[in-house]
Amino acid sequence: MTAPETAEGWYVLHDIRRVDQGRWSALNPDRRQEIAEATAAWLARVAQPGAGAGSSAAYRMLGHKGDLLFLHLRRTLDELQTLEAGFDATPLAAYCDRPTSFVSVVELSLYGASEDVRRNPMSQPWLVRRLYPPVPDRRYVCFYPVNRRRAGEENWYALPFQTRRELLEAHGQTGRRYADRVTQMITGAIGLDDWEWGVTLWADDPLAFKKLVYEMRFDEISAKYAEFGPFYVGIRLAPPELARRLR
Amino acid sequence: MTAPETAEGWYVLHDIRRVDQGRWSALNPDRRQEIAEATAAWLARVAQPGAGAGSSAAYRMLGHKGDLLFLHLRRTLDELQTLEAGFDATPLAAYCDRPTSFVSVVELSLYGASEDVRRNPMSQPWLVRRLYPPVPDRRYVCFYPVNRRRAGEENWYALPFQTRRELLEAHGQTGRRYADRVTQMITGAIGLDDWEWGVTLWADDPLAFKKLVYEMRFDEISAKYAEFGPFYVGIRLAPPELARRLR
Amino acid sequence: MTAPETAEGWYVLHDIRRVDQGRWSALNPDRRQEIAEATAAWLARVAQPGAGAGSSAAYRMLGHKGDLLFLHLRRTLDELQTLEAGFDATPLAAYCDRPTSFVSVVELSLYGASEDVRRNPMSQPWLVRRLYPPVPDRRYVCFYPVNRRRAGEENWYALPFQTRRELLEAHGQTGRRYADRVTQMITGAIGLDDWEWGVTLWADDPLAFKKLVYEMRFDEISAKYAEFGPFYVGIRLAPPELARRLR
Amino acid sequence: MTAPETAEGWYVLHDIRRVDQGRWSALNPDRRQEIAEATAAWLARVAQPGAGAGSSAAYRMLGHKGDLLFLHLRRTLDELQTLEAGFDATPLAAYCDRPTSFVSVVELSLYGASEDVRRNPMSQPWLVRRLYPPVPDRRYVCFYPVNRRRAGEENWYALPFQTRRELLEAHGQTGRRYADRVTQMITGAIGLDDWEWGVTLWADDPLAFKKLVYEMRFDEISAKYAEFGPFYVGIRLAPPELARRLR
Amino acid sequence: MTAPETAEGWYVLHDIRRVDQGRWSALNPDRRQEIAEATAAWLARVAQPGAGAGSSAAYRMLGHKGDLLFLHLRRTLDELQTLEAGFDATPLAAYCDRPTSFVSVVELSLYGASEDVRRNPMSQPWLVRRLYPPVPDRRYVCFYPVNRRRAGEENWYALPFQTRRELLEAHGQTGRRYADRVTQMITGAIGLDDWEWGVTLWADDPLAFKKLVYEMRFDEISAKYAEFGPFYVGIRLAPPELARRLR
């Protein structure tokens, strides 16, 4: 079967850290304050590295799967590596472990694209905007990885090109009905991380995550061909809030 | 296939903590007493935050999967986040790890509901009562997450709307036969946590959990379409009992 | 499909603990001796709580899955909870972690029982004896949890009542051929723990475990409908042996 | 279906330990030397416990799955238990954790055996030699556990006796072609540990492991009915080498 | 079914280490500098052990799965063992754990080879070059393990020799289209480690990993017969960069 052509944009790192409460709360409040401010200063430094250079954001997570999610969008894998090393160099890192992470790159499948677009995707301003998005200004984030199933009759990679194109288009229509409520970023991780794709959603009302993902699960592409990984949900932290939250 | 409409109520956090016996028992008894009382005071503060604001409860768990289960029902995800941070700020948190948690929201499926109800669920007092329940005054709690199966012939999300409605109704009848012995709360976690739903049961006799769940397993909806996660069982702890149990 | 009626007896806790060799062997021999004796004294206290109140036993386990298995049979879930808290209060607990546990209740399925028995199981002395057994006086124990399969054609919960009854009876016959060599206790954990049943076997020759479980695996009920969890094997420790083993 | 008769020999413990480099290298060299020599002395003591009593051997492992594999062959489960406790009593144990282990017993299936052999296997000297082998004098060891599959059409335990016998015989022929290069020991773990069998191979050239296991994977019995666990590979350590390797 | 003949070259160790930030950053900068330089000196020593003796390289990894990947190609398994012990003897090892590793040997399947080649593979210079490759001078590395599926209709080991040969040839053609952008090394791990093969890719643009692996996933051999393990991605570190990165 034929692979679709794809266009790629930002490299993306979802970097999740968990604070060791035992060692953290053993620090005296002044030291905690100092570390909280240093971490916030680091976040402020990396959040807006300049025009065309990407952006970073922090979220406080719900549940036991982690405390902080740092989301980095950059031009190169090397910059992502520098950013994770940068966090490791903050004094907070010594009180954190790192339960998970996800390395991927913004991806658009060109299943239905015209020959013009497929030849030179970067000549299309609308496409470039989708490949190099900013972190949107929305309060809640939801992230989960997905695979396409390869099992007996339900094998995405054995479907004809045209069938895959139609299933994706129908799926896209469900997504578009939520366009005003949910901002969506699809990243590809084949050859980079353990799952094939990552889905990052942003909304101002977290119920929109549930409504959208539930409705999509009835799309044939999800019902028959999707394998879902863990779901991570967080609330945006501007640098001063990060400092407040930590100390 | 068509997704059902749903109505949502409280956001719910099942927050499980495990005490590190090695470090805890190394404390002197006075310090343990002090911490136990501070934790009980925190629980007393959050248990009844006021009319219409939700409620919280604590349970001591059986087995190795955790020591304490804190159950929080609130209006918003942000309040749940504040509550988990609130526990982290108690002195007990420094002696605990957090083996698991579950983030979800009370959900009612409107498969069989009239158009009136579907249009404005909040106009129905009986529905509002089920979406915003109190933590019932029963001694034992049982919690487990579930998925609906998507595998070959056994694919819930590929069933017709009407079939799903009928399977759910038959399932509901099994539950209703236990209504006097078991209080039940269904929460949706699609887009919020790793499993699709959470089932929280309360009873005054823990044998009722076994009888109900066993009987339900023979319902077609469970036999063919359910995937079960781990089961957690606990015994209610009012704040003074929490203090006694800890020290 | 119809669920069978069941009768229940003792609540049972399989409580597995593992000693941290690094911290344990750093203690001086006198302190180890002191702790070993305190633990043995605790075991002696809980082993025979009185007529009709249940019993407890300890086993030293083989392999890396744990060091000590405490087996508690009691009237209520609350007593089991008190027993695990009781071990946590011994000085040994501070040197242990707890890799696993199993919470269940002795169960007899009444598939083939007469109406008389089903109506009032507790009127049958033979049934009461099987629901409230003592820990038998045999040197070796074997414990493993099992599920009944629910997958495509191999779905226990979709079989007719009569078929399930016949498969169980054939299985019981295999067990009865080993009755003199192996004592068997079936406990139900649906609604209480992650697996549906627990099987606890006792023998004076551990080869009998292998012979029995191997032969049973060819029974249709196991070959087609059983999912097996981990297997735990141990050697009985009376309190003085527990003290000797630890120090 | 009928279970085959089996004959059993040595009880076998594969005991894997991993050294905590952080704590180990913090010791001063004299203390490391002292511990290394004590461990080597312990190994020398248990390696050859006397005629007919079994044997023990140590291997340094490759990769992250462990550092040392101790292999013990003895008459009883109790002796294995004493040996693992014996290692725990060496000063090295305080610097080790124990990532895995395997408890099993040397097993021969008597599928094709004559009635004479089945009635009294121990009257056959060739059989006794295979049930009570020494640890062979070969440099490399390979260990892996296996299950026979029970899934839909591919259910070993639902095959006729005669089919199982033929599949095993064909498999044995592949093994015999490697007889001069690879020594093989099959141990049964049903009722004793999490996998059904263990395969222990010894060779003077580790490439023989790869060649043999690869070729066998195309045997119908492996292709259709085998589930493989993790593979462990090690290099023999006589006591003086163990001391050298550790310090 | 018939196993293909294979030719083997270097033994290969993928050795992944993770630095404990808490303990590492508690060191004073001078001590960190000293350790960083000692580790770089060790890497410089082992990187080029001499003509025909193999080579070693280090990579800094992306994400939480590890910090450093050491890749060692050597003549024997014993040399790999000496190399992992060599790292354990550096002062850095005391601050690292070891989340994973992979033990394998460069392998070429001789499915389509002439009788001449199969009889004496080492007489073919082109084959010897592929069995004993150097670590290529490319900036990015990608490593992942794979199995061939054995499940119902999708059973690689039950396919005819000729079908396997054709599927592999088609797969090889996809790979060859990327030959200028991606250097590829296939290693066999059957009988040596938990997965059957390892794939190591090198490129100067990490997007080439994604493009190649994605395209290959639509090859019938991957779509139907491949099971993929985790993916690891890293950036090359010459010894001076390793020192810089660590301190």
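Each chain gets a letter, A, B, C, D and E, in the order it is written, and its residues are counted from 1.
We adopt the following convention: a contact is a pair of C-beta atoms (placed from the backbone, for glycine too) under 8 Å apart; a residue touches a chain by one contact, two chains touch by 3 or more.
Quick caveat, the model's predicted, so the values are computed rather than measured.
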- Using only the C-alpha atoms, find the rotation that maps chain A onto chain C and quote its angle between 0 and 180 degrees, to the nearest 5. 145
- Item | Copies chain B and chain A - interface residue numbers shared by over half, same or different | different
- Separation of chain C from chain E, taking each centre as the mean of its C-alpha atoms, in whole Å: 45
- Distance between the centres, which are taken as Cα means, of chain D and chain C, whole angstrom: 28
- Item | Multi-chain contact sites of chain E, meaning residues that touch two or more partners | 152
- Task: Could you tell me which shape the graph of touching chains takes: line, ring, star, complete or other?
- Result: ring
- Message: Output the ring sequence of chains, start chain A, direction chain B.
- Response: A, B, C, D, E
- Message: For the complex, give me every residue of chain E touching chain A.
- Response: 21-22, 24-26, 60, 62-65, 140, 142, 152-154, 201, 206-207, 209-215, 217-218, 220, 222-224, 226, 230-231, 233, 235, 245
- Note on the structure: So, in the complex, the side of chain D touching chain C is made of residues 1-3, 6, 8, 13, 15-16, 20, 23, 77-78, 80-81, 84-85, 88, 91, 93-96, 98-103, 105, 150, 152, 155, 157-158, 188-194
